[in-house]
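So, here come the structures, one by one.
You will see two complexes here that share subunit A, one where it goes with subunit B and one where it goes with subunit C.
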Partner chain A sequence: MELTPNERFPYPDGNDPGNGALDLQALAESIDAKAQIQLTNFRTKLNKKMRVARLIGTGPNSIGANAFGDVFTMGAGQWSILIDTTGTFLLDASSLNGFGPEPGIFRVGCHLSSNPVGVVTANTYRELRISATVPTNDPSLFPANTTIKRSLSKVFEASTGFVSQTCELEFATLFPAQGANVVTTVNVEFQHGNTGSNVQLLASTLLYTYRVCDIEVL
Partner chain B sequence: MTATTTWAIPYAISTDRLCDGDDITASMALRVDAIMTAFDADLDFLGSQPAVRLQFNITTTQTQVGGTNSPFGFPFDTVDYDTNNMSNISVDPTTITYRRAGYYAFGGSATFQIPTPTSGAQYASKIFSTVAVNSVCGQSTRDSSDNAEVSCSALNRVPVDRTVPGAEAEIDNEVERTGPVGGGPLTVFTYTNMYAHWIADL
Partner chain C sequence: MPGTTTNFGFRYPLLGETIDATSWQNLAVDIDAVMTRINDLRTKAFHAPTASIGNTGSASLPINSATTVIADMLHNVVNWDTAGLTNIVGNPERINLTPGVWYARFTAGILQNTTTVQQATVYIREVGTGFIWAANSTSNITNPSSNVTGPLTVNAVVVYPAANSITGSVQWIGTGGPAHWTDINGSNLQVYRLREFLDV
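Coming up: the complex of A and B.
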């Protein structure tokens, strides 16, 4: 019996006892098993894990001026999952929980709509910030070193109160998540300069994360 | 012996000699081996598609060339990752070159400031491509004492492979002053970044 050079499929050589039917069966079973592995691999790579959540109502009236806060917390009680293909149902769509331990490139985004609940302080800022704290060595070792990747968006209110803005961050990490233990942490934060009143997040605010691809070279 | 039409997989026919059975089975095994090995390579590419990210690791002040409405490309100091030789910052720190034709997602974020801002002026950061179908995404913000912080992303179509990284301006993250004031020092802050990754073949 010989084996093919790459996939190790069995095939007969001249010294094998003549049993053509058995030779073909062994080859067919081997090809069948390999085809199944390839199909699974193909589906895994094609169907990238993603999670999208949106606000279905107005968030709590609790966002004071000039202090960054967590966007997920600012929309507490109003988040609804649109898509979650990670197998881990999670309302906080910016978390890497459920994305698995394989190194990869990820994209995190937020489309955020906000409005003061009372007095509008004209021409003040609304700032959206997405940060990923990425381990630069094995996080189980001490000291665990990290680096920060960040994108920002600052928009100025134009006297009407309502502001809509978008921010995206793409980054690579060798240590995304290990089960529920999120090794690379993502923070989506918002602050504003509307000192006249608190600000609320509005329905249609979106949070999303998806896995772009593997990463082998850093 | 003959072979299948599409993938040329050999198989026996009724006129073959019985004693040739082993050779035909061997031919079939080797041909399927080659097909599946090629498919493995395609799967590897699908998982590790071309991707690149440039960023500023430190806050730095640059001399902005030009002035009103004159774009200035951010000269990035760090290659965060590059899986397809799409950047060469020692030659051109301002550009990403799409090496493989296809559809790409690109984007970035910039934090910058040009001192002594003029009231009413605006800054605009635009991430654009100079391939056949120009794809521009940008965000403008007013002039103020605050840092300008912008983020944008879009898709693009790249019609042909490119061969020389850093020599052809395919994607470029530029800051542009759209107000009445001329050029001057430009402070670019840590975390400013630009990225792209392949999505699909044409």
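Coming up: the complex of A and C.
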């Protein structure tokens, strides 16, 4: 039995007994296995893991001034999943739960619309922040070393109350979900300077996370 | 009765069966079919649908109301379109999306012809419903008398289980006008597909 130089497909050599049926079977199974690998790889690339959630109504009117809080909590009760291919039904689209242990590059983003529930404090800020605490060392070690990546959007309102803003963060993680001590954590947070009244999130506020691509472990 | 392979059922003759031209044909046809499936996926993987529409120097979009109007940017040039997503003559405001998850970005050029601009916002919206996928605001707090704003950019992840269309839209709050969102420093709406809505 000989093998082709690259994909190692078998074929009979001059000294083989010439069992054509068995040779054909070996070749067919070999091609079958290679084809399965190709299909799996392309599907993994095309069926990108992602989770997108949107507010379908106004969030609780409980966001006080000058303190960062979690955007997912600020929209409690109003999130609707638009797509979730992670196999882990989870409304919090900023979580990496369900994305698996494979190293990868991720993008987390948020579009956020906000409005005071009462008095508008003119010209005050609205700040949307995304941060990722990413383990950087061997996941078997404790405590894990981490690095924090941040992205920020700061917009001032214009005496009308209503403000829309967007923020995104990309990061690479070698160990997105391997053990409680080395999990990459993502926070999407919001604060405002509207001291005249609380602020609430509006419908259409959007949270999304997806795996951009794999990354080689060097 | 031929045997078949583990994953794709490639037919091959069993011991004792005659190996003839049909045996080879069956195997070749089966492999051909799977190779075609692989090639389809390869094409999708390396050629994601994408399009971009923009403005040339003559295009601008006057907006006459200073507070309540959100107007769709009208484009007049196709920068690229790999999948027939645009109709720049019939629908210069939109890009048509197939089912899937798309990354969209809209940039509006500089806003001119106003007396003051207090706030300006750019949107990515759904055609027909006006549903807002994303918006981004800027405000001239420290220099409210400024009559020039922009360019402004907004990006969004857009999810559609069925075909739909999006626009890049603009709004401003201030005095004077009608405002013109020009092509200065670029105005364009562009998309690429992140994935199909259902697994392939």
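What we mean here is this: the second predicted complex is superposed on the first by the 207 of 218 C-alpha atoms of A that agree within 3 Å, B and C clash if a C-alpha of one lies under 4 Å from a C-alpha of the other, contacts with A are read in each partner's own complex, and residues count from 1 in each chain.
The working rule: a contact is a pair of C-beta atoms (placed from the backbone, for glycine too) under 8 Å apart; a residue touches a chain by one contact, two chains touch by 3 or more.
Every value quoted in this text rests on a predicted model; they were computed, and no experiment measured them.
In the superposed pair of complexes, A:F156 makes contact with subunit B and with subunit C alike. In the superposition on chain A, A:G20 makes contact with both subunit B and subunit C. Judged by the touch definition given at the top, the superposed model places A:L169 against subunit B, while subunit C stays out of reach. Once chain A of one complex is fitted onto chain A of the other, the partner contacts of A:M1 are absent, as it touches neither subunit B nor subunit C. Shared-chain residue A:I148: touches subunit B; no touch with subunit C. In the superposed model, A:S113 makes contact with subunit C only, not with subunit B.
Once the two complexes are overlaid on the shared chain, A:T85 sits against subunit C while remaining clear of subunit B.
In the superposition on chain A, contact is made by A:D214 with subunit B only, not with subunit C.
In the superposed model, A:I105 makes contact with subunit B only, not with subunit C.
Taken together, the two structures place residues 20, 24, 27, 31, 35, 38, 42, 45-46, 109, 155-156, 166, 168 of subunit A in contact with subunit B in one case and with subunit C in the other. Interface residues of subunit C facing subunit A in the complex, by the touch rule stated above, are 3, 5-8, 10-17, 19, 23, 27, 31, 34-35, 37-38, 41-42, 44-45, 67, 101, 118-119, 121, 123, 131-141, 154-157, 159, 173, 194-197, 199-200. Interface residues of subunit B facing subunit A in the complex, by the touch rule stated above, are 18, 21-22, 25-26, 28-30, 32-34, 36-37, 39-40, 43, 46-49, 51, 53, 55, 80-83, 105, 107-109, 111, 139, 141-142, 144, 146-153, 191, 193, 195, 197. Those residues of subunit A whose C-beta lies close enough to touch subunit B in the complex are 2, 4-7, 9-14, 16, 18, 20, 23-24, 27, 31, 34-35, 38, 41-42, 45-46, 105, 107, 109, 125, 127-128, 148-156, 166-172, 212-218. Residues 19-22, 24-25, 27-29, 31-33, 35-36, 38-39, 42-43, 45-48, 50, 52, 82-83, 85, 109, 111, 113, 123, 155-160, 163-166, 168, 204, 206, 208, 210 of subunit A are the ones that touch subunit C when the two sit in their complex.
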